[in-house]
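Next come two complexes built around subunit A: one with subunit B, the other with subunit C.
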Partner chain A sequence: MQNAALEYDYTVAKWFTYLAIIFGIVGMVIGTYIAFELAFPGLNELFGQYGTFSRLRPLHTNVVAFGFTLSGIFATFYYVGQRTLKVSIAESKFVHGVAKLHFWLYFILAACLVVSELLGITTSKEYAEMEWPMDVLTVVVWVLWGMAMFGLIGMRREKTLYISMWYYIATFLGVAMLYLFNNMEVPTYLVTGMGKWYHSVSMYAGTNDALVQWWYGHNAVAFVFTVPIIAMIYYYLPKESGQPVFSYKLSLLSFWGLMFVYLWAGSHHLIYSTVPDWMQTMGSIFSVVLILPSWGSAINMLLTMKGEWNQLKESPLIKFMVLASTFYMLSTLEGPIQSIKSVNALAHFTDWIPGHVHDGTLGWVAFMIIAGTLHMAPRFYKREIYSKKLMEMQFWIQTTGIVLYFSSMWIAGITQGMMWRAVDQYGNLAYSFIDTVTVLHPYYTIRGIGGFLFVIGLFMWAYNFFKTMTSDKVLDKEPAFASPMGA
Partner chain B sequence: MEAIREWQAYAYFFFTVFLVVMLYGYILHLYRAEKKGTRDYEKYGKLALDDELTDAPVEVNETRENEKNENKEQS
Partner chain C sequence: MFHWLEQRPFLFSVGVFLVIAFAGLIEIVPDFAQASRPIAGKQPYTLLQLAGRHVYIKDSCNACHSQLIRPFKSETDRYGPYSVSGEYAYDRPFLWGSKRTGPDLHRVGEYRTTDWHENHMWEPTSVVPGSIMPSYKHMFTQNADLETAYAEALTVKKVFNVPYDKPGFTKLGSWEEAKKQALEDAKKIAAEMKNQDVKDAVARGEIPEIVALIAYMNSLH
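For the complex of A and B:
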């Protein structure tokens, strides 16, 4: 009887969803702008030091990875966590308070990150650019998330943790470990009295720094762009389609496989560098082995749709998720291919790498977050999704954008790699660097257009979401499976 | 240097065999547990579908239930 009046509390999930939308737009507008800067370098000069590629590029990566994606992860966690554990976060004032504090401190941290990056304050370690005061705040934010997570788990009515929860827990533990070790740093002012109070240098030097950095960098891809996104698809695709996951056993096997294998693959970022040869080989081998657990999850998702493929035609939400799963397969095949030593000799430092990153992040990560938030919208507001047609249009515009992005980067990257390696009959380099830049110009323009199309889709997503909030088509009760959509 | 390479080769062989055994061992464990009836893994797929607060849990968390009962008795 007690449950009759009890409802899931989506307050914090909603707040994080709003942030995901805002950071998604901000991060990808910046990304598109710097893509055009590469094609048309004059754009670098429009806003003085604040508009240069070197200033905006870390801002783009940080805002999309740690603003957009993390907000999406937190939003979906506060939704999926409650539902699969069958507990309302409002049942404990303490846990609910912790979750709210988690949001506000995260918001302050994200704002500090944006401002400091714009001012050019950075540790210069890729994806770990925050200086030590913000690193300390990050730890606090992360611990608060952990408290909310394990608080919810402690209160649960459901004994068994659903596979999505395993993935969220892995995200929490994985990032905690990676972040702490990679951000070990010496605050220069406090230790030596030199430099600004917020400045720091890495505790590691030379090759060791590179190794720790890429152990972190690659596993940031693992535990921010992969693991929590799998958590999302394991919940949202079965729920939206009304089909239980094809094989729960396969989901468990893939989980342990991914956890074990991913952590060893980071050294593929350092092939042909000064790290020991065996470590490079190990990175290569584990990257290839990584295909198995990745495809295990992706195939499990596609097979979940068995006998229900008509839904792919009927529902744009299912389209987003099935294509996300497909892009995950593409990306997790492409990555291992790039980490094979002979392929890496051609691919490393070329545009094929950002091409690979973006078919994963746009096609897999962003599509899943978009699908997750639009699935949640009718449950948040007890209203129909504003427009199905708009969602269909968004899907096709963004898919076209992604295809333009990665296909142009494949061509650009391989062209670039071949030109750098080309020698004449005497062994002299056949091309100078500027020759490659000239050849690549059209592909850079196409990439910019691809990004622009994706950003248009983001505005359609935001419009659809906010119109859903105020839609007059109110629902009597929460939809069980397929989300109701207006024409 | 040669000695290190030899050790690397032994370690490589050992870990390959070990990991293959672990992998297939886990698969075997999953299927055996289901065949013996100790666990039905596939029912957990329902956790995503029947996720209303009013839905009956797939497996009740007895720790929470016990605590609730104890609190009732005390009051």
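For the complex of A and C:
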């Protein structure tokens, strides 16, 4: 056993971090643009067929979920993994090579995805839009990640897997299973020798297809937007604050509870559809049960700060993380509420749903990735974070953006849902559909502004990060806990 | 026990996988055979309709339009009878959508016409003042991909036993036959349209995307 501190190799972690920043900005600029398209439809005409809301919406969701978020997950994994397993990835040329190949193939895949979405090459299934050649590449990328992960685990010096590693392993396994089953498709060219070589047709039809898709669709959310983000907060919050995790037992309960319950909840996307009633009810019930493990993690994190709340005032990094777990609580309460049948009858198909998605993705996912990268920056470059003030400003601007986003979408969604079902004194529908669209204009505008503020924050993040790389305040040794920040 | 497990990554992973997979096994698998039966009289899509469905997917119409009428009076009043599972038996993929930025389209063929769609796709506000839908003018100049649609129809016929060419069901035939039939169907639609470029294209034997899309829209009942 050596006692000297290990020198970790952050090459791949850095690459993925740069990619997260780039995809974050690209994905959310597109998101803001399409948000304004709903308020000002003339914007649809600016880029011909490549600029319509319908072409850009899947591009937005894919770039933020599979460009920004996955890059953030991989970046933090290649950092947290090495450190919690007490092994440097450079100790094995093979594992390091696999990690680098993982990065480059992932990058190529992401680039193909952007181009194909713009061209309208899509299977139409949400968050599974890629056609089969890209699905095959996805499997390769995923397997490479698994090889890097279990390679590192195989080399580890710390025998016990830390909580974050549980969640990264679960991410790997969960997405692998879901992705494979939902993307079962038959390439038409291989069967008939005709038509476009990349076209395929789903193995499932109609209701079955919907069932598999939302089993996947909801749980892709679970295993991309929840599970690995919890991995991040279990590492970065205790590390940045210097506080031990509040309760091991609570983390056990939350982890195994989340794993067991999450997959059941997928059918809450299909309430009042043509899938069997018992499945809808199961989805509804388990969504409510899901509050327990979700809040378990969030409360465990908040209580980790017990007695140290002064740090919330002093450190913008702590602010990001505490607000992230708070948004996680909000989002995991809101989701179950929307899954209750009578509420779902009102909320489904309305803007309340994107509202719910975004308080999770912006407030929880993006905030954690931002906090993670800024915690890593001083350790990557052995330099002080360029500007604390900039981080503070970013925090408040983005928080304002999120609040504008979800509050406007709550109002929009409930307004529209109520108008769809409103009847006059004779029992006839009170509004034509277009009435329920034009009424949303102010809310769509406010949402666009919210998104715009969030994007401004992203540019501040990118600027701060890249200035840190060249900041002249060099650290003589790695900071143990709180990240040092310049004014 | 958990601490023991956390020191054994392989067993840990197996445990996690079993716990995750459990729900899918119970919830998804049992209903498969039952849910995929078509309702009586349901026809697979003709080649032209299927090509139109591909246009619908290419431009992600499903990002804003659902095809699922829920069993509420407010929905059946607005869109027609509520949707039943067997109606979707030939839908690969399903196109229920998850957001109604625009209205549901599951039975749009019941209450909109070729003429209405032509105007609407060219300039939505011309028929629906206040509409925020983009115009889709490029569908009037780009041609639909009949060959890929045929490849798909043939694939589902071969692999999934979709009843093409069976007595009483949609005829598909050979590629030449299918193409000829699709062009005939396209001519009927073009005859009800007024865009001269589209009419000329169809007369030349081409099928603009808009014609295929309208064939698909009209098939939604």
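Convention: the second predicted complex is superposed on the first by the 480 of 487 C-alpha atoms of A that agree within 3 Å, B and C clash if a C-alpha of one lies under 4 Å from a C-alpha of the other, contacts with A are read in each partner's own complex, and residues count from 1 in each chain.
By definition in this document, contacts are C-beta pairs under 8 Å (C-beta built on N, C-alpha and C of every residue); 3 or more make two chains touch, one makes a residue touch a chain.
If you're wondering where the values come from, they're calculated on a predicted model, not measured in any experiment.
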Following the superposition defined at the top, how do subunit B and subunit C come out on subunit A, clash or fit? fit
First (subunit B), second (subunit C), both or neither touched by A:Trp256: both
Please indicate which partner A:Met155 is in contact with in the superposed arrangement: first for subunit B, second for subunit C, both, or neither. first
For A:Thr123 in the superposed arrangement: first (subunit B), second (subunit C), both or neither? second
Is it subunit B or subunit C that touches the larger share of residues in subunit A? C
Which superposed partner A:Ser164 touches (first subunit B, second subunit C, both, neither): first
Considering only the touch criterion stated at the top, classify A:Ser202 as touching first (subunit B), second (subunit C), both, or neither. second
In the overlaid three-chain picture, which partner chain does A:Ser88 touch, first (subunit B) or second (subunit C), both, or neither? first
Looking at the overlay, what does A:Gly242 touch: subunit B (first), subunit C (second), both, or neither? first
For A:Asn44 in the superposed arrangement: first (subunit B), second (subunit C), both or neither? second
With both complexes overlaid on chain A, what's the closest CA-to-CA approach of subunit B to subunit C, in Å? 7
Which residues form the common part of the subunit A surface touched by subunit B and by subunit C? 159-160, 252, 256
For the complex, give me every residue of subunit B touching subunit A. 8, 23, 26-27, 30-31, 34, 41-49, 51-55, 57-62, 64
Within their complex, state which residues of subunit C touch subunit A. 2-3, 6-7, 9, 12-13, 16-17, 19-24, 27-28, 31-32, 35-36, 57-64, 66, 68, 70-72, 74-75, 77-78, 83-85, 87-103, 128-136, 138, 145, 147-152, 154-156, 158-160, 175
Contacting residues of subunit A [partner subunit B, same complex]: 3-4, 6-8, 83-84, 86, 88, 155-160, 162-164, 234-235, 238-239, 242, 244-245, 247-249, 252-253, 256-257, 278, 478, 481
Which subunit A residues qualify as touching subunit C in the complex? 37-38, 41, 44-45, 48-49, 52-55, 57-58, 120-126, 150, 153, 159-161, 166, 169-170, 173-174, 177, 181, 186, 188-189, 191-192, 194-196, 199, 201-202, 204-213, 215, 252, 256, 259-260, 262-264, 266-267, 269, 272-276, 279, 282, 286, 345, 348-351, 353-354, 420-421, 423, 428-429, 433-434, 437-438
